[in-house]
Structure formats: structure tokens, C-alpha cells
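Common to both upcoming complexes is subunit A, partnered first by subunit B, then by subunit C.
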Partner chain A sequence: MTRLPSLTIPRWLLVPAALGALLVAVPVVAMALTVDWREFGPLVTSEASTDALWLSLRTASVSTLLCLLFGIPLAVVLARTTGAAATLLRSLVLLPLVLPPVVGGIALLQAFGRRGLLGDTLDVLGLEIAFSTTAVVIAQTFVAMPFLVLSLEGALRAAGTRFEDVAATLGAGPTTVFRRVTLPLALPGLVAGTVLAFARCLGEFGATITFAGSLQGTTRTLPLEIYLQREGDPQAAVALSLVLVGVAVLVIALTRARRDSLVAGAT
Partner chain B sequence: MTLTADIALESRDVAVDLVVETGETLALLGPNGAGKSTVLAALAGLLHPRGTVALDDRVLSDTGTRTWVAPHDRGIALLAQEARLFPHLDAGDNVAFGPRARGQSRTEAAATAARWLDEVGMTAHAHRRPHELSGGQQQRVAIARALATEPRVLLVDEPLSALDAEAAPEIRDLLRRVLAERTTVLVTHEVLDAALLADRVAVMDAGRVVDTGETTRVLSRPRSDFGARFAGLNLVRGVASDGALLMADGRLLHGLAESPVADGQPVAAVVAPSAVSIHLTHPHGSPRNSLDAVVTELEPHGHLVRVRTDLLSADVTPAAVAELRLHRGSAVVLAVKATEVHLHPSRPLSLA
Partner chain C sequence: MTRPYAVRAPFAVRAPVTVAALTLLAGCSQGSAGTTGTPQDPPARTLTVLAAASLQRSFERIGSDFEGDHPGVTVRFGFGGSSGLVAQLADGAPADVLATANEPTMDTAVAEGLVAGEPTPFASNRLQIVVPKDNPAGIRSLGDLADPGAKVVLCAPAVPCGAASVAVEQAAGIDIRPVSEEQSVTDVLGKVRSGEADAGLVYVTDVAGAGDEVAGLDVAEAASARSTYPIATLTRADDAALAEEFVAAVTGAEGQSVLQAAGFAAP
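Take a look at the complex of A and B:
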């Protein structure tokens, strides 16, 4: 149960707070109210739709794993170092967060595209990245990783080094400390960051369409499919959007339950 | 294991030179901010001091030769002010952490943990998470966790300061038991902890050691002004006898025992100089302790005069000194109420 704290909050704050909540709630409800439910089934199970949904789930999962693989070490380095170099590195890692995704897509194209900086090298290796499913994954990882890094770094800084120091004096080497103390203590932050990163991957549009294009079954993820459908069949676009909302709600609910049990154990 | 350290940390204005002999407990005594915890962190390898730290022949850190042994390779365990138990592990897994990290198998580590939890009386709480334990219980588990790694040196930082008044005597007792025969550096701002737990005391002020020596000497006859102001309490050692302290010369000092002590057990009596009064003849009436003594020294102590005798020091007014015509060599009678004499279990006399 949520109880309104009567003394600690000025009452007038409730008005803008309610308006803010409505701004988010009304459009989502509007979608649910205006979709043609009789046509919902056929709309979301068309071949193009299922292709897009399946591709989105696959690429978002792989991208999230990549975010973890690179993002966890980055967050640890950023949380445990100080100085000008660390500040510079942090700004760099967080850049995709403030960059328009389409600009990110163009940047990726200039790096990995056939005529890009690394194009020749990749050509020699027989790799063609742009406009492939690999490009979708790279684009998603590019835009989503900062969410993971930011969230985990905050958790690591909040946890501090007190427990790590104790672990070291108990004879635990750096890797053991990382595995058995650092990560478990930052787990709530890690889970939150992973959810954010996965959601960002799932919703990626700008960088993907720029860097990977829109080929059904290969690079056309659900957001791209929705955008495409909006031109010809607005009802299908609304139905597919609801599917994406459903997936997002499901992910949040699942991790919330898991995180609550973790937090309860960690305090 | 003889621990030697000659270290300096310029950024914190700390420079000390310490030796801790095998099996000995050295107390670093001083007010908050004197740099005591900084010294411990430097010994543990959590800070990088200039100078050298060595354990017997093994150099742990030496800025001259650029030697550096990482904290986890030093065999030096740190028991911090707060218990700092890992919140995501239960009490048993906390204690098993060190043995596991040092290569014991899961089963071996669990057995080691069980043994140490038993040693500190926490077996029944092995499956509790830290937040389910009281402050005193957490500190017990922390002690077991530090000792389970069989450290060559134990560093103890203000172990009682975060505990409530009820838990502190129990933990002090436990520490006295487990620190015996263990090479230990104990940081404290409580004169009492130094008096009861340490073989030797080094008094620290503003990052420097201003006095060091055997505990009774440093506490009762401090060589530095700072030590005198800071420590300045009477410490009498003896054995328990029918609720009183029996001194080596056969005289009794009556007092209040903080925890029950069996007859014949070593005890220490702590008496504030302000609680001791000086008379020329045995006073009539209430004080249970009236003891013959000889004045050895008179020195100013704030607005009062600290009268040192061969037994206890007393703080008296300058007027009283004049009235009693006190001087070196005066034969006097010291009177102390039994309620002002605090008896504590202490380390064996042989170490004192």
C-alpha cells in the first residue's frame, strides 16, 4: 500500500506530480483504448510482425550481454579511479547518452561501414558489418551501454571500498574480491542497469535505421517495423506498439520482483 | 612474528616508528584524529606509506627498494571499528570467507568457520544475516572472521567504540582472551582498553608517538605532558581475592567488579586520580580503602596538583598541598571509596 506522507511534502507538489504521471499514462491508455482488438491477433501475428519481434528480442538480448561484458569492467574502472583521465573516459563512455541516435548511427557507419575508417580492414577479414544483423547489435550496444555503466558505477560508488578493504585483509586477491564482494554488493544497481540497457536496446531506432538499414528478418527490428507500418496501416502500428509496451512491462515486473528479493537480502 | 614499521604519510602528517614483538599486544593510544587508524591502514597495506614495514625478515613495503606486498598477501587481518560484515553473506559464510580465499575447500572452510563461531559463542547464529544480529553479536562474528584466517598479525581498530555500554565489557573480555599470545596492534582512545588489553602502550598525538613503554608505566607514570593529560589514571594489578584486588605486597584494594572474577584470577583496578584523597592519618568513617604510601612527585595538573606516590596518584587542590605540607618523601594515607575502584579481569601478571 502507498500512503501519502502528509507532513513531509508540500501539498502543491502533488499537482505537477499528477500532471507528469498523466503525461505518461494517458498516451499508453489511449493506445490500448483505440486499438482494434478484433484485428489485434492477425495484426501482430503477420509474418512481418513476428519476424520483427523475434529479431528485436534476439538482438536486444545479445546486445545486453555485450553491454554487461564491456560495461561492468568500464563501470568498475570509472568507480575506482580518479583524476583527469577518468573524467575524460567517463565523458566519452556517456557520450551516446546525450548524442542523437541518428548521429550515433552515422558515426558507426563512418567507423565500420564499407567506406568507413575500418572498412578496408574488415573487408580483408571478409567481414561486412553495415546493414547486417551484427550492425543492429552494435548500434544497440552503442546506445545502451551508458545506461548500464551509469547505473552500476553509482551503485559501486555508493557501496564504497570498506568491504573490499576488509576482504583484502582477509586474504582475498583482487579477482576474488571482485567476484565475491564487489559485484554482489552492487547487484541491485547491476540489475537496474541491465533492465535499462535491455529496454534501450529494444527501443533502438535512430542508430539502427542509419547504420543497419531496414531489411525484413535481418535488420528490421520492431520499432522499425512499427514506423514502417504507420505509413500504410496505422492500426497495425498501434497494435505492435502495444506488444512492445507489453514486453517492457513484463521485463520491469520480472526484474522488480527479483530485485526486491535481492535488496531485502542485502540490507 | 616481530612487526617493525618505520613509516611516514606526509599527506596526513603521520610519522611513526613501531616494533611489536611476537605474541605481544601494542596499544596505540590517543585522541580521535591522532593518526592511529592511518597507521593501521598503512600496516595492512591499504595506504602506501613512505618508509618500511616488515614482518620478521619479510619486507612488506619499502619505498627505498620499491617493495610492495599487496594486502591479501600480508597475513595481516584488520578488525575495524564497525564490524563490517559482508551484508550479503550469513555469519557462517562471513567467517568462512577468509579460509575460502586462502584456498580451503568449501567443506574445510565451513568447518573452520564453525570452530571459530563456537570460540566466540555465536554457533547458534551461524545462519543469521548481519542485519539480524545486534552490534555486539556482529563484532563477535567479525572477531571470528579475522581470526579464522590465522593472521600473523592482527590489527584492531577501536573495537568497542561502536558498541553500547552493555556489550562492551563482554567483547573486551573476549578480546582479552583471543589476543593473548597473538601479535596485535590495538588502536584505541579509551585508556581502559589499553590498560586491560595491551602489554605495551604507544601514546600518539598529532601523528607522532610521544611516549611508549610497558602499559602500567605509561599509564601511571606518563613521560609526556600529553600522555599525562590524556592517560592519567591509576592502574593497579593483582589477583582477585573475595571480590577485592590482592596486591603483590599482600594489601587489599576493595572495589566494584564489572564482571564476576574468580578468586586467584588476574585483575586490574582502575582508579581516577580525582577519586583519591590524601590524609596524614587514617581517616575515620566510610572509605573502605585507606592505604599507606609515600609521595614521590608533585606536579601541576590544570588548576590542581597531581600528587604521585609509590601506589596511586591523587589530584588535590594547591591549598590542600600547602595545608598537608606535602613534599617528596612525605608519608601519607590514601583514601578511596570502593565505589570509585573499578575491577576488571586483566592479562596475566607475567606479561605486565
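Take a look at the complex of A and C:
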């Protein structure tokens, strides 16, 4: 399975490849070596820690659903249109991908904050977003949606429109084509995009701390809890970081299994 | 518009690097030539001071006065959270003087063997209620902060300003339920300054430094949670005598008047 295809890869490539892999692997291993494993249980099961983990999982799930709800239509529109307007729209949608999250948080404050652009409107509607879990979800959706859009748009473009055209000539309406042809063809891209978006939601820090604040059980997600623990109890911060690494590895493993079964089912 | 910048960018990037390299070379040659320099041309010396973030404006002022009184001396500052600064020193960061925002943090530095001699208290700070200029929640006293209708932001108890906030709450016998517990006192100030929060507890000097966007309300109970700022020379100081002179400048009359202008009280 991990046999090196010696003829197709120049051997010298292996050196920078190994260095690149080490750059990622060494810090993670170092973290696992630093943590006091006898203390690990108590450190990660404290009320503050479990509240943070639970809040992270809940908000990341809701945010990922919102990413799907808005991101799938956006990806379809972007994949099936051309022209200046489409280019502009694509740049705009992908903007959070290249912005520092803290800038995203400041932008969200200017829009949804109490004194922001929509502050009065939201106030009239009786919606209070500042310092609420809703703010966390908005921040996560803002930063994570481009990952889904990018991944799905690529898959849609790769799949092309031939099957859609055939289905349409056979009498299927646009909605039927979308549901029965377009989405199934792009499913691997959609799954990959969903996982990326979920992982990005889980790791969201900068926009959340800027826009939503930090309160146990309401807005203090796991990355925020880790950052706070660094001040008082660095050991707990390392232990909690390992929990986040564990969740990330689990998510990646689940996707691989899912994708393998998808590929197996397709052939 | 963008093209000239794209062409110029490499120069813009290179120039500071070249300047930095030349400065380094100059520093080396002057350092070695210092002993043979003429009396009119005093040797170039650099003093590195690590200080709590709340001291930034005052210390920069004291530093430039110090440079004026000591020709050839350059004072470099590192500002940050006190516990972070002590951690940097323990990890081997080179510095000559340390000033922290409370005594427990300095005690840690002493216990780590980083401090030469006795730390000297040179200023004190106390908490004040900060509200946006228009005071939308009509906060008048500490008791108003416990009102469930007011959105109050505090420092998290794990950081020094949060510990001081808890002490004030206990002294007043009230229980504030904050909508967010922030990482640092500047984050609390930011949330109030932007109008997201109705009130917060920050240091008097933070209110003074924020100008007329915010207003400060005195708290009688804050006297019980006064934090004292100590300063000390470090064991690894390159020039112990110069470090002592800087400490004297901070504790002396001129330094004290700069600190008092910023809102600090005598220790």
C-alpha cells in the first residue's frame, strides 16, 4: 500500500517531502510527550473542559449545516455561470479563506454588532447576537463556508454538464436533475468539503474571540478554552490541545472510511 | 494602481532587511570600537526592558527621556502580559530589566532565579468601572453591574485583572454575571469601547489611555484589590550598572511624574 513508485518520483523529492512531514509530525508528537498522562484524565474532564468540548461540537455541527444550506447553492451557481459577475461573486465568497480570522471578527462586529450596520434592525426584531452562541455559529459559518464552496465547485466543474444535459433532454426538470444527477456526481467533493468545513469550524478562534466573546458554556469553545488555560495552567492547555488533535484525527479517519466505501460502491 | 506596487515590492521587502543587516554590522563594529572611542563619541549600548502591557505609554516616555540623558544608549522594550514575559525570560530571552503588573508574577521570576537583588515597587493601579461615553445602561455604581439587564464584560479569573475583579466583587458582596470573560484587560476595554458591552472592570490607567470614547467610574471597593507594580534588574543583564540606572529613572521623581500623569498611583 505504501510502496514507493521509484520510477515515477525523482528520489531527491523525498528529502523535502520528509522534512515537510516532520514539520507537522514533530510538534504533535512533542505535545504528546510533554503532557503528564497521569493527570490527563482530570485535566480534560474538568467542567470547563467538557463544557468547551460540547459547545465546540454543537456549534461546529450547526455551522456545518448552515454551510451546506448556503454553500451548496453558491457552489452550483459559481460552477455553472461565467462572466465578470461570477468572478466577482467567487472572489467575495472566498474572501474569508484568505482573511485573518480576527479581521473576519471585526467585519462581523461592524455588521451584526450592537452599533453595527444591522444592529438596530436586529434590535427591533428582538434578536441579541452579541455574546451569544448564535454569534459563535455566525463566526464559524463565515470562516468555514468557503472550504465547502471551493471543494464542491471543483467537483461540479470536473463532473461537467454532459449527464445533466442528457437528463434534461430525457424530460427531467431542473430540480430533478440537481437532485438525481448533479449532487450524486459531485458527492465525493461534497463530503470532502463538508469535512473541511466542520474541521475549520472546530478550530475557529480569531473571529469567535473578537465577535462573540468568551464565556464558559455559551461562547467559550475548545480553542478559546485552550488559549485561556495557557495563562493559568499550561499543562491543561497541552492536554486539551491533544483532545482537539484527537477529534481532528477521528474526523479525517471517518471521512477516509466513508470515501473508500463511496468509491467501492461506485465501481 | 496595483502594478507599480507589484514591481516595487521586492525593493520594499529588501530595503528593511538591508538596513537591519547594516545596523547589525554597525552595532558590532561600534561595540568593539567602543573602548577606543573618543570622549565626545560615547559607546553605543542597548538596554532591553520587558514590561507589563499597561506600562507601555509611560515606559516609552521614560525610555526616551532616559536616552536623552544617556547619549549612546538605546532602550528597547518588550511589552506583554506579565506572566508571558516571565515565561519568555525563563526560556532564555535576553533582557536587562523586568517590570510586572503584580507582585505574584515578580515572585515567580525571583523563584526562577532570574532577578538580581530585590524588586522595587514603583507604582500601583486599581480597577475602575468603564462604560461607553453615552453610558446606555445607565451604570452609576458597582451594584448596577450585578443588574441582569446590563451586559458586563470582565477579565477571566485566570488572568491578573480577573483575579482583581473577583476580589472587588467579594469586597462589595455582589455577584456579577458577565456576558463574557476576556483574556486581557485590553480585550475588556475593546468590548466597551466598541459599545458591544455596557460596562466592564479595567484599570484606571486603561480608562485614562482610552480618551473620551469611554468614561470611568470610581469604585470604593477597588482599594482592596490594588495591584502593586515591581521592577527589578535581571541576573543576565549585559550592563548591570545601566540597568540599575534605568530602575532609578523609573522610581525617581521624573519617572514617577510620568506614571502619575498616566493614572498610576504611588506604590
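The definition used in the following text is that the second predicted complex is superposed on the first by the 265 of 267 C-alpha atoms of A that agree within 3 Å, B and C clash if a C-alpha of one lies under 4 Å from a C-alpha of the other, contacts with A are read in each partner's own complex, and residues count from 1 in each chain.
We adopt the following convention: a contact is a pair of C-beta atoms (placed from the backbone, for glycine too) under 8 Å apart; a residue touches a chain by one contact, two chains touch by 3 or more.
Only a predicted model underlies this, so the values are computations on that prediction, with no experimental measurement involved.
Enquirer: Is A:Y227 in contact with subunit B, with subunit C, with both, or with neither (first, second, both, neither)?
Expert: second
Enquirer: Could you tell me if A:D123 is touching subunit B, subunit C, both of them or neither one (first, second, both, neither)?
Expert: neither
Enquirer: Please work out whether A:E39 is in contact with subunit B alone, subunit C alone, both, or neither, and reply first, second, both or neither.
Expert: A:E39: touches no partner chain.
Enquirer: On the A-aligned overlay, A:R162 touches which partner chain: subunit B = first, subunit C = second, or both, or neither?
Expert: first
Enquirer: Applying the touch criterion given at the start, work out whether A:T176 contacts subunit B, subunit C, both or neither, answering first, second, both or neither.
Expert: In the superposition, A:T176 contacts subunit B only.
Enquirer: Does any part of subunit A touch subunit B in one structure and subunit C in the other, and if so which residues?
Expert: Looking at subunit A, the two contact sets are disjoint.
Enquirer: Report the residues of subunit A in contact with subunit C in the complex, numbered from low to high.
Expert: 109, 113-115, 130-131, 209, 212-216, 219-220, 227-229, 231-233
Enquirer: Which subunit A residues qualify as touching subunit B in the complex?
Expert: My answer: residues 162-163, 165-174, 176-177, 180-181, 184-185, 187, 265-267.
Enquirer: Applying the document's contact rule, which stretches of subunit C touch subunit A when the two form their complex?
Expert: Those residues of subunit C that touch subunit A are 81, 83, 151, 153, 156, 158-159, 178-183, 187, 191, 194-197.
Enquirer: Any idea which subunit B residues touch subunit A in the complex?
Expert: Where subunit B meets subunit A, its residues are 44-46, 70-78, 80, 84, 86-88, 97-98, 101-102, 129, 131, 145-146, 149, 155.
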